[in-house]
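So, here come the structures, one by one.
Both complexes below contain chain A, partnered by chain B and then by chain C.
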Partner chain A sequence: MKNLAVPHLRLVLLAAALLAYPLVFSSAFYRDVGVTFLLAAISASAWNIVGGYAGQVSVGHSMFFGLGAYTPLLFYTLFGWSPIAGIPVGIVLSVVLAVVIGMPTFRLTGHYFSMATIAVAELIRIFVGTWDFVGAAIGLQGPAVARGWWDLTFRSELPYYYVFLAVLAVVLVTTAIVESRRFGFYLRAIKASERAARSLGVPVRQTKLKALALSAAFTSVAGSLYACKTGFIDPDSGFGILVSVQMVIVAALGGAGMLFGPLLGAAILIPLQTATNTWFGGGGSGLTYILYGGIIVLIARFEPGGLFELWHRIWPQRRSRAHAA
Partner chain B sequence: MVFVQVITGGLLLGAIYALFSSGLTLIWGMMNFINFAHGEFVMLGMYVALLVMVWLAGGPAIFGIAAAVALAALGIVIYFSLIRHVIRGPMLAQILSTFGLALLLRYSAFWIFSSNFRSLPPNALSGTINLGGVFLPVAQLVAGVAAIALTIALHLLLTQTTVGSKLLAVAEDRTAAMLMGIRPDRMQALAWGLSAGAAGIAGALMATAYPWSPSVGETFGLIAFVVVALGGFGSVLGSLYAGLIIGLIQAVSAYWLGAIYKDIVVYGLFVALLWFRPQGLMGKA
Partner chain C sequence: MLLEAINVSKAFGSFLAVSGADLSVAEHEIIGLIGPNGAGKSTFFNCLAGDTLPTTGRIVFDGNDVTRASPEAHARAGIGRTFQVPATFEDMTVLENVMVGAYLRHPHRNDARDHARRIVELTGLRPDQPGRSLGTPGRKRLGIARVLATEPRLLLLDESLAGLTPTELQEAIALVRRVHETGVTIVIVEHIMEVIMTLTKRVLVFNQGHVIASGTPEAVVKDEAVIEAYLGRAHRRPAPERTP
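== the complex of A and B ==
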C-alpha cells in the first residue's frame, strides 16, 4: 500500500513532466531518448510484476518480448496485415508460454525458475535463428511506408512517444490495482516466505502463475511496440539475453517490487547508455554491458532494494511525513 | 567407423562437461545456490591457458595447473567479497549477484581479448592418434581422460576424506557443523575454490582441443545447468554420468541433424526434464 501513499501532487507533476517532455525537448535525438526510456520502463514494469512483487527472478523475459515483437511483423510479412493484428496473438502466445514454463518450475525453488527461463529463452533464440519461416538469422521487416495510422509506422518520434506513454500508464495503473488487491498481498507474502504463505492458505503456485502470465502479456506488448517502431526484428534483438538483462537491471536499480522503481531505473540507465554509446561508439565496444554487469553486482551486494530503498533509508523522516499527510 | 568416431568424440567432450558441471553441482549441494557465472569461469580458464602458454611457454601440465589455481583463487575471492554477503539476503540479490558477475566477466573478456576465435599454439598434445581405425586428436583424448579422472577425484574427495566430510557436514546443517568445531565460512570458501578450480582446469583442457571465443561462457553455463538438472542437484557422480550422456547426445544430434541443432536438442531435453523429472535422473524426489 505504501506506493499508493505517494502524494497526488507528485503524481500529477510526474505525469505533466512526461507529457511535456517531447514538446520541451523537441529535437529528434532527445525524443528518441524519450521513446527508448518509455520502452525500457514498460518492459521493466512488466518484469517487475513477477520478478519484483512475486520475487520470482526471471532472467529470460526476452522470450515474451521476442514473441510480441515477431508476431506483428510475421503477420505483416505473410498477409500484409497491419502489425496491430499481431499484437493480441503475441499476447496469447506469451501467456501460453508462461504457463508452460511456470507449471513445472514453480513447484521448485526460485533458482530453478531462473535457470529454466534463461534456458528456454536461449532455446527459442537459437530455434528462431534456424527457422526460415520467421526469417531465420536475418529476421523480419515491417512496413517501410505507412499506409495509414493503423500501421503504427510514423515518420516522427512524437506519435510513438505518446502511444508508448499511454501503454506505460496502463501497465502502471494495472500494477497499482494489483498492488492494492488481495492478489498483491499474496504476491508479497510469497516473496517474503513461500512456506509461511502456503501455511496461511495462499494458493502459491496459482498466484505465481497468474503473476507470470500477466507479466508475460505486458512484456509481449512491449516487444510489439519495439518491433512497430523499429520496423525490424532479428533473433538477437528479440530473444537475446541482453534484452532480458535490460529489464532486470532497470527494475532492480530503481527498486524491484516498487511501482515506480522501473521508471527511476530507466530514467538513470537510458541516458547513461546513450552517453556511453555516443562517447565510446556503438554497441561493439560492449562497454555498456561491462557497466551493466558491474551495476548489477553492486546492487546485489549493497542495495538489493534498489535506489528507492536507499532514498528511504537516507531520508526516513520525509517518508514518515509523507505517510502522515 | 565414422559413427564410432562421433560417439567417442562426444563422450570425450562430455567428460569435460562433467568436470565443470561437477563444480556447479557442488555449490548447489553445499549452499542451495546457482552460480550463473560458472560458464564464464570455464571461459576464463581457457584464456589463462592461452596466456600461460604464450607468455611463459608453459606446457599442458603447467597451464592446466595454472588455470586451476588462478580460477580457484578467483572463486575464493568472489566468495568472500560477494557471495558471503548475499547468501542470506533476498532471492533477488542471490540471483543477480552471479548473473551480474557473468555479464561483467563475459564483456570484460570481449573488451580485452576481442570476439575473435582463438586456439592454443601447437604444443605437446597436437597431432592425431589412430586407435584401431578411429582417428582422434591426441588433445581430445588426453583432455577427456583427464577430465574423467579429475571428476572421480572430486567425488572421492567429497566422500572419502575428512575435508569432504566437513564440507558435507556444513551442507547438511551449518549450525551443527559449527558446534563440531568446523568453520562453515572456510568450508564454503573451499567449496567455491574447488568449484571454480574445476571449471578453470576444464577450460584449460577444452582449450587444448577446441577453438573458443568469449561467448562460449554462456553456452557452457547453460550446458552445465542441463547436466546438473539431468544428474540431480548436488551429485558429483550424477553429473559425471549426465555429462557423458549430454556429450553423446550433442555429438549424435550434430551428426544426424546438423551442427546448428545440437544445442536445440540439448536445451529441449532440459525443458522436457523440467516437466517430467525435475529432480534429475539420479536425484531424490
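== the complex of A and C ==
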C-alpha cells in the first residue's frame, strides 16, 4: 500500500501546485509564463508518444502544430465562425497528414525518418507562405474582441491557463493509459529493437502509424490553443522548424519516453527562455537558438535519457545509502 | 511435416549464401543445424524465420506457404525465434519483456501478465529485474522466455547457448529440454557440439551454402565431408588400402 500511496501523493501535490500557480503568481507576466509552459508541455507530451515511447524522432511535428493553428483562424476568417469549430477539422487533417506521411516514411528508420519529417514540414511551410488563401506570408488573424466564451478569446490569462491545464491533463491521462496497455508495450519494444519486436508478432508499421496519428492529433490541438491565445498565426510561428525543435528539446530534457518528462523539460526550458528574452530584449532573439543548441549538446553528451533518468539513477543509490546508514 | 523448406536458395548479388537447401521437420522433433562460420546456416535460419526472403524455393509451415510472409506473420503462425545477440528491451523489466511476447495471444493486460509470469517462472528469471541489468546468461534465458510467451509450435534457437560457462550451459540445456517437453518443436543452430550431441536426434551440416550431410549426430561427426569442412582436406581419414 505504501508503494502506491507515495506516487499518488506526488501526483496530488503536482496537481495542486499547477492549479494554485496562477492564483499565487497573479501578475499577467507570471501567468503568461505559466500558459507558455503548459503549451510547451502539451506539445512535447504529444510528441513524446511517437518520439519518446516509439523512438521515432520526428523533427517535423510543426506540420501538425501549424495545421491545428491555421484551421481555427481560417474558419473565422472565411466564415466568421468561432475558432473552436476549426479545432476538430485541424485534428482530422493532422491525422490524415500523419497517415499519408507515415505510410512511406515508416519504411525508413533512424535518421532517415527524422530527415523526411523535416523535409515535409519545410515544404508545407514554404507552400503555406506563398498560398494567398491562407494569408500567404502575412498569415491569419483571429477575433480581436471576443463575441463570447465560444471564441476562446479572453482578456485575462487566467481562463487560458485553466483551459490549457485541462488539455494537458487529457494528454497525460491518455499517455498513461497508452503506457500501461499493449499499445504502450509495443511502442517501447519497437524503440528498443524493431527486429526483435517483429519476431514477437508486433505489427511494427501499424503500431508506429497509430502512434504518429495520436501524436499528430494532440499536437494539432496544441497548435489550435496557441492560435486562439495569440489571435494570430503565420508560416513561421505555425510551421517553423523552431516549433518542432522546441518539442524535441522539451521532451528530451525532461526524459523522452517518460510520462512526466516533457512536463519537467517545460518547467526548466520555458522559464529559462523567458529569462533570456527578458534580459536581452529584442536584441537577444537569436539566443533561443543558442540555448537550444547548448541544451542539445549537454543532453547528448551527459544525459541522453533526460533528467528523469538521472533522477531514477541517483535516487535508488541515495535511498539504499540512507537505509545502510 | 510441421515445417518444410524446399530447395531454398539465397543470393546476395553474385554470392550464393544458401544453395538449394532442403529441410523437413516433424512435430516434436529437435533438429540441429551446424557448420563452420560462413557456411550459410544463419542465412538459411533467417529464411525460415521470415527475416530474409529466399531468392528461390518454398517454405511451408503446417501446410501454409510462409515463404514471403513477414516476421510478424511467422510469429502469428506459430514460428518463434531467438537471436545470436539477445535483443533485450533494456528499459523494461524481465516481466515486461516477456509480456510483449505474451500480448500476441493474450490481448488483455491481466491475461498477458499471468501468462508471462508462468513463463518467467519456467525459465527461472526474476520478474522485476530490469532488462538492462541482466548478464549474458540472463539475456539468453530472457530471449527464450520472450519467444515462448508467443506460444510457438516451432522454436528456432539461433546460438542461444553460446557464451555460457559450463554450469550455465547445463542449466540452459535443461531449460531447452523442459521447453521441448511442453510439446514445442525445436530447430537449433549451434556451434557447441555438446549441445547438439545432447539435445538433437537429427543434424543438418552446412558448408559453403550447401547441405553436405544429414543424419544422427553420431553419424554426421564421423562423416568424411563434415570432417573435411571443419578441419580441412589434410584431416580426411586415409582411404583403406586395397589389397591386390
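Heads up, the rule we're going with is that the second predicted complex is superposed on the first by the 307 of 325 C-alpha atoms of A that agree within 3 Å, B and C clash if a C-alpha of one lies under 4 Å from a C-alpha of the other, contacts with A are read in each partner's own complex, and residues count from 1 in each chain.
FYI, contacts are C-beta pairs under 8 Å (C-beta built on N, C-alpha and C of every residue); 3 or more make two chains touch, one makes a residue touch a chain.
In this text, all values refer to a predicted model and were calculated from it rather than measured experimentally.
Enquirer: Using the overlay on chain A, decide if chain B and chain C clash or can fit next to each other.
Expert: On the shared chain A, the partners fit.
Enquirer: So which one touches more of the residues on chain A, chain B or chain C?
Expert: Greater contact footprint in residues on chain A: B.
Enquirer: Is A:312 touching the first partner chain B, the second partner chain C, both, or neither of them?
Expert: In the superposed model, A:312 contacts neither chain B nor chain C.
Enquirer: Taking the superposition as given, does A:127 touch the first partner, chain B, the second, chain C, both, or neither?
Expert: A:127: touches chain B, not chain C.
Enquirer: Touch check for A:198: first (chain B), second (chain C), both, or neither?
Expert: Touch status of A:198: second partner only.
Enquirer: Using centres of C-alpha atoms, tell me the angle at chain A that chain B and chain C span after the overlay, to the nearest 10°.
Expert: 70
Enquirer: Output check: A:256 vs chain B and chain C. Expected answer is one of first, second, both, neither. What do you get?
Expert: The first partner, chain B, only.
Enquirer: Is A:241 in contact with chain B, with chain C, with both, or with neither (first, second, both, neither)?
Expert: After superposing on A, A:241 lies in contact with chain B but is clear of chain C.
Enquirer: Quote the smallest CA-to-CA distance from chain B to chain C in the superposed model, rounded to whole Å.
Expert: 10
Enquirer: Do chain B and chain C touch any of the same residues on chain A, and if so, which?
Expert: Chain A residues touching both partners: 191.
Enquirer: Mind listing the chain A positions that touch chain B in their complex?
Expert: Checking each residue of chain A against chain B gives 51-52, 55, 57, 59, 103-105, 107-112, 114-116, 118-120, 122-123, 126-127, 129-130, 191, 241, 245, 248, 252, 256, 285-287, 289-290, 292-301, 304.
Enquirer: What residues on chain C touch chain A, complex-wise?
Expert: 49, 51, 70-72, 74-76, 80-81, 83, 87-92, 96, 99-101, 103-104, 107, 109, 112, 146-147, 149-150
Enquirer: Please give the residue numbers of chain B that touch chain A in the complex, ascending.
Expert: 28, 32-34, 36, 81-82, 85-86, 89-97, 99-108, 110-111, 218, 222, 225-226, 229, 260-261, 263-264, 267-268, 270-271, 274-275, 278
Enquirer: Report the residues of chain A in contact with chain C in the complex, numbered from low to high.
Expert: Residue positions touching the partner: 180-182, 185-186, 188-189, 191-193, 195-204, 257.
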